[in-house]
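Structures given as structure tokens follow.
Same chain, two partners: chain A is paired with chain B first, then with chain C.
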Partner chain A sequence: MEFLGNTWNAFAAIFTVTPGWMTFGGWVAAGLTICLFSFLYKDNPFFKVAEHLYLGAGMGWLFQVYLFQTWKPKVFLPLMEGQYSVLIPALLGLSLVTQFFPRISWVSRYGFTFIMGYGSGLVIPLTISTDFLKQIGGTIAPFMVSEINSGNIISLLNGTFVAFGFICVLFYFFFSVEHKGAVKKASNIGIYFLMLYFGAAFGNTVMGRFSLLYGRFDDLYKYSAPEYFYATHVVLGLLVAYFILDKLVLSRRGGGQEAH
Partner chain B sequence: MKNALEKFLKIDRRLIFLALTVLLFAPIVRPLGLPNKNLGKDVVNTYNYIEALPERSFVMLSLDYDPATRPELHPQAVALVKHALRRNLRVGIFTLNAGATGMIEDIAARIPKDIAPDKVYGRDYVIMPFQPNPVAVMTQLGINLYEIYDKDRNGNPTRDMEVMKGVKSVKDMGLGICITGTAMLDYYVAYVADKYKFPMAGGVTAVSQPGYGPYLQTGQLKGLIGGMKGAADYETLINDLEKGTSGIDALSLAHVLVIVLILTSNIIMLVLKYL
Partner chain C sequence: MIFIKKHIPLFICFFVGVLTLGSYYVPNATSENYIEMMNKWENIVAGFAFLLGLMSLFYSHFHKISRKAPGWGYSLFVYVGFLLVVIPAIVSNGQPMKGPDMTSLGWIYRFVFTSLSGTMFAVLAFYIVSTAYRAFRIKSPQAFVLFAAAFMVILGRVPLGQMMWDGVLGWTGYQVTDVIEWLMSVPVVAGRRGIMIGIAIGGIVTALKIIFGIERQYMGKD
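== the complex of A and B ==
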């Protein structure tokens, strides 16, 4: 056990964060970012490599977090201290892995049964309260006598607008009555309210995506500094050279085929 | 004329990407310092709620975002930690997202350096380890949080820490804020805020911001910070401009490009159709 511990410590010491590792990290980050962005120009092998690395590294990160921050303190250490009760949830969790072995996959039902029962019991009552009853209450609240007596006209108008939109949208999603006459009109107004929401959501989506892009550019700018040995410039230059070379080779091949 | 307009509508989309790259990159190299004067009401509400908390109140910050949403959400988290610590509140940093641990490391490294150098770990703030199964954790947070968080992320017992004095569950906390790019805030509203009558606020991506309107209207959320704009607003309120604010230049220019392109192409479509 001591030998394993020492070996692990020696291995971990290699990866102690030093300025050299930080520079290397900058090169990896700038390289992978530019390789992934290169897809905007056209598909290429560097994009594919970066894509697979992203998935692999992500899974590796999650695995070590679960191993060292959950399994070790919640299962391994309590077992070492003689708390065998943790075996029950641990075995229920491990039973899910039997899904990979068809012969004993039935064992996973015990784990799933627990998850389903526990999850349903928690989710159903709280969802009804939070997303249903409280929302109805919120729509009615501006029309309470106390609110009207307070003379807040803006709140009352806003509440009326929200309630009107709410009812119209509900009509749009109510399929048990044929949409004609007054129902059709209410349903059509409901579409406009939905479009208002979609417009706001789309505008926010555009802003969100630009923010993410800005974040990557900000990092690329950081890695273009001399302390990172101009990682961004070098990687971008190499990739541009690859595309030029690729175009030249392709055009020559294309020309050759035409000659035949 | 007509041919030229038709040609414009079939412009190579890579040219638009290039224009966007230039517009987003230029303010990073040379900031324009465009003003951010229109502060969001829900961001101001979050700020005011924290301002109104008595000193040494405990604020739970659940940082549940991963690197994919870092540019939008990390500036929000940094601004909130700054505000809470400078207001002399106790801060507990939690996470229910395995991908957030790296970003929390960054905040942990910055607190003694530039966020709040006078604050002491264990006395003024604490960082809890990642825990899986959010719903189970949230349920336990309302009963006895030491059943799950008996040790901090470094393995030190949390019960004896000064920062945790008098805090057994969320009922003993002043405010909870969940910063997330997932549905974690919805869970917090249902399993913590509504269930235990606990005041919650949120920090979310711009994409998911409109969906939280109903929770704000009913008061289930005390405030909401949305996207990089929300982070910039918060930085303006605490008078400490950082990454959120510097992004406003780039966002403004990019939005101008989008508006110009939409207007131009619509005008061309009208011209081609009616003239």
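== the complex of A and C ==
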């Protein structure tokens, strides 16, 4: 037992983060970032390696989240304390894994129906209160007596504009009557409001992605410093050298084939 | 057998669904305890659902390696990436920080996971822009409105856009940020509310269909 404890301690000591590890981290981060960015030039083995690493690391991250936030505190520890009621969701959860065995895959329905039933039961009241009633309430709010009495004309005009646009959008999605005459006009105006929403959503998405891009460039700049031994420069140089060599080898092969 | 294979699972869905729905509208200690317990149970089942996905991923890559399918070598890196996170997580007991010190899990998160996930989504920025260039052909007034809204939101949030605004429309006394704020809080809200209500109605109807067993495609074939 003591031997096992000592072995584990020695193993854990390898994973102690030292200043050297931090410098090495800069190299790893710069390398992975540049490998993924290399796809902008063309598909290459370095990108594929980084892509598959991301897939594995992402699953690993989720695995450790479930391990330390769900399985250990909500299943393992209660079972150790004699709370056997957690066996019910654990068995329902384990039933999902029977999907891999076609003969008994129907057992997984017990787990799936539980998730679907609970999710459906929960989503109805939450959707009614947040996505339905609150949206209608928000549209009506500017026309309440207290708001009108406050004399805020701008707020009232904006509220009217929102209500008008909202009703027009609803007409666009209303298929129970034929879209002609006034309904068609309202529905056409609704399209403009939808386009404004889609355009703004697109703009926000682009800006979100660009802020990530700035973050990555900022990190690359940081790891190009002398304390990281110019990690960004070296990795970038090596990758450029690879692409040049690859191009030369490919053109030589191409030339050879042409000669034949 | 059909009773065990089909009817009991459907009854579980109906029973849990109706009880959860009812508990929301009957606020008392019993219903609150029920919701709390179900929430815990759902977390546990969802954890095993993740395990199902993980096993499926591992199986597909194992299959690729064993068949030596084209690009099988890359599949090895899925396992490498997984172990690269899980081993330090076990050693660090799932803690990225130990007091002021970074653990090996924190190291992996900062230098591996953040780099990979941040860059993967940052690369999309280039593709979004190139797609937009092709997609934003202003052929109709609606397309122009879409373009104008996107243009305002994108350019208005960078210094270049603010400089351009100040140069051309600075005399109006309004800042470009004021225009964006109005755009986001007035006309965009009208469009979003319409869509949200549509989604809400669709979601409620689908949920009711699932609870009452009308929608049962998720159960697979008999």
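The rule is simple: the second predicted complex is superposed on the first by the 249 of 260 C-alpha atoms of A that agree within 3 Å, B and C clash if a C-alpha of one lies under 4 Å from a C-alpha of the other, contacts with A are read in each partner's own complex, and residues count from 1 in each chain.
One rule holds in what follows: a residue touches a chain if its C-beta (ideal position, glycine included) is under 8 Å from a C-beta of that chain, and two chains touch if they have at least 3 such contacts.
All values reported here derive from a predicted model rather than from experimental measurement.
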Contacts of A:T33 with chain B and chain C, given as first, second, both or neither: second
Chain B versus chain C as contact partner of A:A57, first or second or both or neither: second
Chain B versus chain C as contact partner of A:F229, first or second or both or neither: neither
Contacts of A:T70 with chain B and chain C, given as first, second, both or neither: both
Touching partner for A:M195 - first (chain B), second (chain C), both, neither: second
Contacts of A:Y41 with chain B and chain C, given as first, second, both or neither: first
Residue contacts on chain A - larger count, chain B or chain C: C
Partner chain in contact with A:Y221 - chain B first, chain C second, else both or neither: first
First (chain B), second (chain C), both or neither touched by A:F143: neither
Where chain A meets both chain C and chain B, residue numbers: 40, 58, 61-62, 65-66, 69-70, 119, 122-123, 126-127, 131, 135, 138, 162, 197, 200, 204-207, 209-210, 212-213, 215-216
List of chain B residues in touch with chain A within their complex: 14, 17, 20-21, 24-25, 28-29, 68-72, 98-99, 101-102, 129-132, 135, 139, 151, 153, 155, 189-191, 194-195, 205-207, 209-211, 214, 217-220, 226-229, 243, 246-247, 250-251, 254-255, 258
Residue ranges of chain A touching chain B (in the complex, touch as defined): 40-41, 58, 61-62, 65-66, 69-70, 73, 119, 122-123, 126-127, 129-131, 134-135, 137-138, 141, 162, 197, 200-201, 204-218, 221
Residue numbers on chain A that touch chain C, as the complex places them: 11-12, 15-17, 21-22, 25-26, 28-29, 32-33, 36-37, 39-40, 45, 48-71, 74-75, 86, 88-90, 92-94, 96-97, 99-100, 105-106, 109-128, 131-132, 135-136, 138-139, 158, 161-166, 168-170, 172-173, 190-200, 202-207, 209-210, 212-213, 215-216, 219
